[in-house]
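The same chain A turns up in both complexes below, where it pairs with chain B and then with chain C.
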Partner chain A sequence: MNVVGRSYRIPLPALAAASLVLVTTALAMAFYVVPNDADQGFSQRVFYFHVPIAFTAYACFAGGAWKAFRHLWKRDPNADLESYVAVHQGLIFGSLVLITGSIWAKISWGHWWLWSEDQLVLFLVLFLFYSAYFMLRFSVDPGPQRANLSAVYALFGVVLIPVSFLAIRIAKHFIHPIVFTSNVSSNLPGWMLVTYCVAQAALLVLAYTLYRVELSGKWLDARLRELRAA
Partner chain B sequence: MTTAEKYVTAAYCAVFAVVLVYVVLIALKLHRLEREVGELERRRPVEQAAEDERGTVGVG
Partner chain C sequence: MNYVADVRALARKDLLLELRARDTLPAMLLFVVATFVVFHFSLPSGSSKLAASGLLWVAIVFTALLGLGRAFVPEREQHVLDGLVLAPCDRSAIWLAKGIATFAFLAAAEIVALPVFALFFHGIGVATVAAVVLADVGICSVGTFLGAMAVATRARDLLLPLLFLPLAIPIVVGGVGASVVSAPGRYLAFLALYDLLFGVLCWATFEYVVAEAQ
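After this line comes the complex of A and B, so read on.
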């Protein structure tokens, strides 16, 4: 295996600075700019990070699946490692979705978790599915077989993303709030929407920055192993 | 501070803590890798010289 890495157009320090600025702006807007929600009050402010984190987790899993597809289709030498790092990022953001969601559920429903709610359980299934990705990956010796098995598994998991996403919309009880619907008048108004968009951009840029940092570490690690083997 | 405010603050603190722990772990790993690269670079001239010496003895 010859791990060379990939060159990127945006330098890492610029990404890190953009993440810091965007996350700080999103936090300031969530706490000081947007008004309290008429229905949920102050607790609705959890959503300015909870929902963007959920979409970021989906994006990471989808990115991991895309890289897995690239590995299987084009035999891109970097794709396996990129898929692994993207899935890892997805799990970190997925754990944040579960933590922030549970805290919000405690405020609004009085429970940390409800097993009767399909949307919560489906996200947990998605999270556990990708957690098992690591068990599979590290149970096989490094090499083409491990890369192929991991890629196939990551590709299968992507099916769960639309299921988890749609579960919130098709759930029978509608306890879990829906932030965006096809009815424009019931969507987030004014500053709430702006704050949400800033937070979403902040979380996506942050995830991409962390992805690049972790990936550079993995490439360095792989290169070191090669040098030692040589 | 109301109960809702406490919980919302806890949610944001949890996000901050998880990201911070992740960044610290990655930073520690990168630091270790840089140290190992440095060690490898320091060791390389010594090993190269030893190999050259062996080669000279073998030929002679």
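After this line comes the complex of A and C, so read on.
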């Protein structure tokens, strides 16, 4: 199966510039424009990164599973590498979710880790699951079998996400009877919503840019290997 | 009914092999009883009954893991998998038959393990038994699938627990929930949902695990 690469409509430098502008705007808005949260004060600002990063990580995992599906279904020769790169970005953003969530938990509740935070626990499970994806992938020689095994495992991931979410929710009834609720996620007023949307767009564009950068590097590697073999 | 006949023949082969060689089942039995003894000493006196109920599920998952690690070893050592893939049968029949055989081993181990647990710790309700059966279906379907994946890699036995445990977390949640709460309905329903979702997924994708594509 030869890796041929793919041509995109948006060039990489334009994407990089867009993500630079968007991330800078999002940072400026989160720190200078948005008013302090009435309840949690200054520390609530980590919300503008924590939640968009989490959403971006889900998007990456979903993208990886979609490419995996394309690989299995259409035998798209690029899909295996694209699936791997998307999952890789998902794992990076997933680790960031754990870090930002941990910071938020420390400031809000005084603990670095809280089992009562669904999102954090879910990302811990996903972190373990997708780390095993890399163990699996690098334990098989490159070739069609590696592509198939990785694709199937990536598909398991998108089924595991909702199932684990449900499991963590119902586990609370016998593990944590008291549920902490944060009131930031509902009814964001004015500037908060705008800042959230800008941060979300910034992180999605950033993730896509990183995805394209890593992908172009990998394609270059593959082409080089082919030339060397020829 | 060709499919059913294929599955039956393959499952029969595994059960017959176990009956003659007696590799897996005695190991699983010894392991699960030894685990209970370890649990007794790891629970300080005064620990609640609930803690023991939770540990039962740890024992089940790890005992299953022991059996699953062995599931594809004969296929690997004798290169049976190559022959099976060439055979004119649906590839998912290989997974289904292996799943049925591992289910039989696990169920046999639990028929001994659950009374031993009741003897060592405390009695077990109907809900727990129902949860164990539902969990076994999930463990065997996902575990057999991942076992087939793991034998295809260089890391082999090392990889199976890493692949399996994150996927087993929902099973443990459902199982522990059903054994400790007074109204276990939703946990049993959750386990059934898990079995259904992952069963269909494994059945549909197993072909890609064993076949060297193109």
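In this text, the second predicted complex is superposed on the first by the 200 of 230 C-alpha atoms of A that agree within 3 Å, B and C clash if a C-alpha of one lies under 4 Å from a C-alpha of the other, contacts with A are read in each partner's own complex, and residues count from 1 in each chain.
Criterion: contacts are C-beta pairs under 8 Å (C-beta built on N, C-alpha and C of every residue); 3 or more make two chains touch, one makes a residue touch a chain.
These numbers were taken from a predicted model, which means no experiment stands behind them.
Look at A:106: by the touch rule set out above, it reaches chain B but stays clear of chain C.
After overlaying the two complexes on the shared chain, residue contacts for A:153 are found with chain C alone; chain B is out of touch. In the superposed model, A:46 lies in contact with chain B only, and not with chain C. Of the two partner chains placed around the shared chain by superposition, chain C is the only one that A:163 touches, whereas chain B remains out of contact.
Residue contacts after overlaying the shared chain place A:136 against chain C, while chain B stays out of touching range. Contacts of A:98 after superposition: neither chain B nor chain C is touched.
In the superposition on chain A, contact is made by A:217 with chain B only, not with chain C. Residues of chain C touching chain A in their complex: 149, 152-155, 159, 162-163, 165-167, 169-170, 173-174, 176-177, 180-181, 186-187, 190, 193-194, 197-198, 201, 205, 208-209, 211-214. On the chain A side of its complex with chain C, the touching residues are 1, 72, 75, 125-126, 128-129, 131-132, 135-136, 139-141, 144-145, 147-149, 151-153, 155-156, 159-160, 163-164, 166-168, 170-171, 173-174. Residues of chain A touching chain B in their complex: 27, 41-43, 45-46, 49-50, 53, 92, 95-96, 99-100, 103-104, 106-107, 206, 210, 213-214, 216-217, 220-221, 224, 227-228.
Every residue of chain B that touches chain A in the complex is listed here, in rising order: 2-5, 7-8, 10-12, 14-15, 18-19, 22-23, 26, 29-30, 33, 36-37, 40.
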